[in-house]
Amino acid sequence: MRKKTWSTVISQEEVAPAIYSMWLDEREMAAAAKPGQFLSLYCADGARLLPRPISLCEVDKEKGALRIVYRVAGAGTRELSMLHTGDKASVMGVLGNGFPLQGVQGKRVLIIGGGIGIPPMVELARALAGGNDNKIILGYRDGDIFLTDELKKSGEVFIATEDGSIGTRGNVMDAISKHHLNGDIIFACGPTPMLRAVKAYAAEHHIECYLSLEERMACGVGACLACVCKTKEVDSHSNVHNKRICKDGPVFNASEVEI
Amino acid sequence: MRKKTWSTVISQEEVAPAIYSMWLDEREMAAAAKPGQFLSLYCADGARLLPRPISLCEVDKEKGALRIVYRVAGAGTRELSMLHTGDKASVMGVLGNGFPLQGVQGKRVLIIGGGIGIPPMVELARALAGGNDNKIILGYRDGDIFLTDELKKSGEVFIATEDGSIGTRGNVMDAISKHHLNGDIIFACGPTPMLRAVKAYAAEHHIECYLSLEERMACGVGACLACVCKTKEVDSHSNVHNKRICKDGPVFNASEVEI
Amino acid sequence: MNMKVDIAGVTWNNPVTTASGTFASGEEYSEFVDLNILGALTTKGVSNIPWPGNPTPRIAEVYGGMLNAIGLQNPGVEVFCDRDLPFLRKYDTKIIVNVCGKTVADYCEVVERLSDEDVDMLEINISCPNVKEGGIAFGQDPRAVEAITREVKKYAGQPVIMKLSPNVTDISGMAKAAEYGGADALSLINTITGMKIDIYKRTFALANKTGGLSGPAVKPVAVRMVYQAAHAVDIPVIGMGGIADAEDALEFLLAGASAISVGTANFYHPYAAQEVVKGIKDYMITNKINDINELIGAVDR
Amino acid sequence: MNMKVDIAGVTWNNPVTTASGTFASGEEYSEFVDLNILGALTTKGVSNIPWPGNPTPRIAEVYGGMLNAIGLQNPGVEVFCDRDLPFLRKYDTKIIVNVCGKTVADYCEVVERLSDEDVDMLEINISCPNVKEGGIAFGQDPRAVEAITREVKKYAGQPVIMKLSPNVTDISGMAKAAEYGGADALSLINTITGMKIDIYKRTFALANKTGGLSGPAVKPVAVRMVYQAAHAVDIPVIGMGGIADAEDALEFLLAGASAISVGTANFYHPYAAQEVVKGIKDYMITNKINDINELIGAVDR
């Protein structure tokens, strides 16, 4: 289910400095949405035409609502942060493939989120909360943490902060080794250096690992070839060593992509 | 007094189909404003950068408020028409020279407004209402008239409509001849064909005549030379046969400009 | 009411196509747009062998538009013929295959390979600013334009549209050169070379340093060049550059374009191409235009 | 912290000037901006005799910018010297007089007339797309650029900035031609030729049919050309095209411009030039840059 439409803002609040949480009324997209998928949000200002891709943080299928949590990174997200209840947001979705959930049942899951890569982990952790022993490792810059309460409902949460103000001082890998965390499968989203470290760790320990990647996007639907990542093998669609993050991802098996 | 600022919208309403009336909270500009001057309004959408020049319709010096009345002519005025009480409007003002009021005292004044050239006549007529016998001739397309109530307070109003639904069928000149209106001085604002007719009429009857002109504007302050009109004599500023409508006008003695 | 236009002997149901590289081979946008509604569908550039394209970041947002340096990534003509062409043929629309290459021989190889395929027209991209060899180098010198046109025409089984670069002093000269070389039609504009610098990282926003500017920002330049080109030649001109709605499209038709392409607008408004077709029709009804051909070049009349 | 830059031997207090034709001779904007804060003030084009300019409409709004075809209306060099120069000399800013003409002799006449005046630099506009004779015709052929530069230099009492047109295939070649001809500095870009059509009236939006595109829409093209020109020559380059804030200005400095001009932005934000000066200073403080010259061309370093 893909469409572009005007969605009504149900609510918006600042959950940490410059981090906003917005609920959108979007029944059709909510019905189809899977954890790890994303939306393209568009600006009202005609100077800014390209989409702002933002991951789904929560999906309320019953209410027909979608939650996104994002950092104000520039003019586009600043504009979005100024929307109020009842305003309309221009949204395309739902986009991307999402995290693979088949066969995860019963496995020990490591859910790793760094900074603004944490939001997609909320819906993922909830989806896996039933049958799995979720360990959720979250990396923040400092004590301004967000979404930890939501995530605590779906597993055991371990926090790392760069300045050491909460939890382990350092990054998510430091928290993993400090707490001797083990798992059969890893899901991770966060800055590229973090994803590289996670990938290396997974390879070293032969753990199945899925990463959610980011790249600049123009179309969001696989048509423009802006958002590619390098792949180990020739991709069947592109016929070269490239996959499209927006359509073939944003979630990839760590072993198939080169980051 | 010229500045560019964000003014608060006090109120806005649709006074006729696609004709909006907006009051702006702008004490400093109101204090300086004269009838016939105008504001430049700017769009929020960065795709549209140039000003929308709109005449002052009323000036409330006591409240520090300015009224504009405008037709939704395109995307920019459509955007303006969507502002509500409390919203901010980007405004530059006050611009232009305004109508010359010295020496008008005691004269028989013909105030002629056509269509969206009517708004500036409201403040002008009020300023002249004390000591003059104002005849106010208004031309509309059809029965959707506006600002007539305001104008009736400042003189005797004669209406012409193109479709004849109210008053004289035809244009302002038809109303003037039908009612045998005479005057010692004319102030007019409206579409160019109307202004041409007024100018010819004034010349024929040797009546002093002031016209408010329109042209596309970029700067609004006399710097870009976009908004010129042809003049009979070499202009002292430009040193050619051109005057700037935004700075040297928008009001000109009919005998000095070629339209 | 007639919306059909004749482009070099090929009759399109209406004058609207998609700009190469902004609509892939149609599949991705078929979820948003009924492809049957398009006068023609122009594909992403196709080369003789698969091309991997440029490193990322490949795009950057700029005021009223975007820069791209995709670098003509494509799966190659074989995969195109085996997979994309059968998909496209399901629809009632003309198929224009955009062709790219590094050498004249490369272009000719693709053109020859396509000559027996069920393709309606070929568009030869001699104006891509984002590849080191080929592309724009051919499109900035009138002699090179004429030469490559003449060569490609020898192998072509379909009418040939030469796609011109706006990065030139004299677009009329380029248009004439393509016409002398035997082009059946022209299309323009491709993207205008631009650059964006990230002032915080003090580096180029694109891995390729420069990229092609497209979107509404380029429209006035595109309308001017289409006007000039259409007045310089007797072959049809397909206009593009910043077209996002029917009003934009009509500007190009009035300027002299016989057809138009919707490009970057597809990205931010996936229904754009379809709405342009509808909007042109509405304009014709409102303005009592019986034949779209009355509008073509009408700004001068 | 040093914000001073040396442009062909003239020291500006900071690298910010106004683009010719967007700031008249300063008087109109002196109500909004403290002219003392500008590194330099560049005037509207001045010719030997008064020029009436083009018929109206002279401008049209376009997406993210504007088209203008003012046609270089100006009161002529005598009025300029008698009225505008004394006004400008009251301020602590360098004065750059932009010069236009129909023939090489016209240019030389103005340049010679100004040679003894209290003017700091001359900017020779060989790139105006809006006049029939002169202007852009000189700016689209490297030999013509070199020749006019050489000629003008003979009469100039001040350093000469040649203002280049973006409507060319090869901006580096033009930059080199001006340098060979003896230019002391370059400025670019002038406007890009564009066109707008009113689809309801089916006529041109400008009386002149075509006009020059300026404003944020052109910035990526301008940054690219400034980068190319700055890499092609050893003389300083003054960058402009769509600069509206300090971030825009810094892009040009990083690309290689030694100074920058604020143009169209003055129209819609009369405080722009002043805010650009302030914003560059803030950026230098935040990023611990002691000398503005460290930033010039720094994208490559």
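Should a chain be cited, it is by its letter among A, B, C and D, assigned in written order, with residues numbered from 1 in that chain.
One rule holds in what follows: contacts are C-beta pairs under 8 Å (C-beta built on N, C-alpha and C of every residue); 3 or more make two chains touch, one makes a residue touch a chain.
Chain by chain, the UniProt names read as follows: A, B = Dihydroorotate dehydrogenase B (NAD(+)), electron transfer subunit; C, D = Dihydroorotate dehydrogenase.
In this text the structure is predicted, and so the values were computed from the model without any measurement.
The fewest steps needed to get from chain A to chain B, moving only between touching chains, is 1. The most distant chain from chain C (Dihydroorotate dehydrogenase) is B, comparing centres defined as mean Cα coordinates. The mean-CA centres of chain A and chain D (Dihydroorotate dehydrogenase) are about 47 angstrom from one another, to the nearest whole unit. Centre-to-centre, using mean CA coordinates, chain C (Dihydroorotate dehydrogenase) is 34 Å away from chain D (Dihydroorotate dehydrogenase). Averaged C-alpha coordinates give centres for chain B and chain D (Dihydroorotate dehydrogenase) that are 36 Å from one another.
The multi-chain contact residues of chain A, meaning those touching 2 or more other chains, are 46-48. Shown for chain D (Dihydroorotate dehydrogenase) are the residues that touch two or more other chains, namely 63-65, 216.
With chains as nodes and touching pairs as edges, the resulting graph is complete, every pair of chains being joined.
Across the complex, chain B is touched by residues 44-48 of chain A.
Taken together, the chain A residues at the contact with chain C (Dihydroorotate dehydrogenase) in this complex read 2-4, 42, 46-51, 92, 215-229, 237-242, 247. Listed in rising order, the residues of chain C (Dihydroorotate dehydrogenase) touching chain A in the complex are 21-24, 28-29, 31-32, 44, 50-53, 56-61, 63-66, 68, 70, 73, 75-76, 79, 215-216, 264, 266-271. Touching chain D (Dihydroorotate dehydrogenase) in their complex are the following residues of chain C (Dihydroorotate dehydrogenase): 62-65, 67, 140, 167-170, 192-197, 199, 202-204, 210-211, 213, 216-221, 223-224, 227, 242, 247, 250-251, 254-255, 283, 298-299.
Taken together, the chain A residues at the contact with chain D (Dihydroorotate dehydrogenase) in this complex read 46-47.
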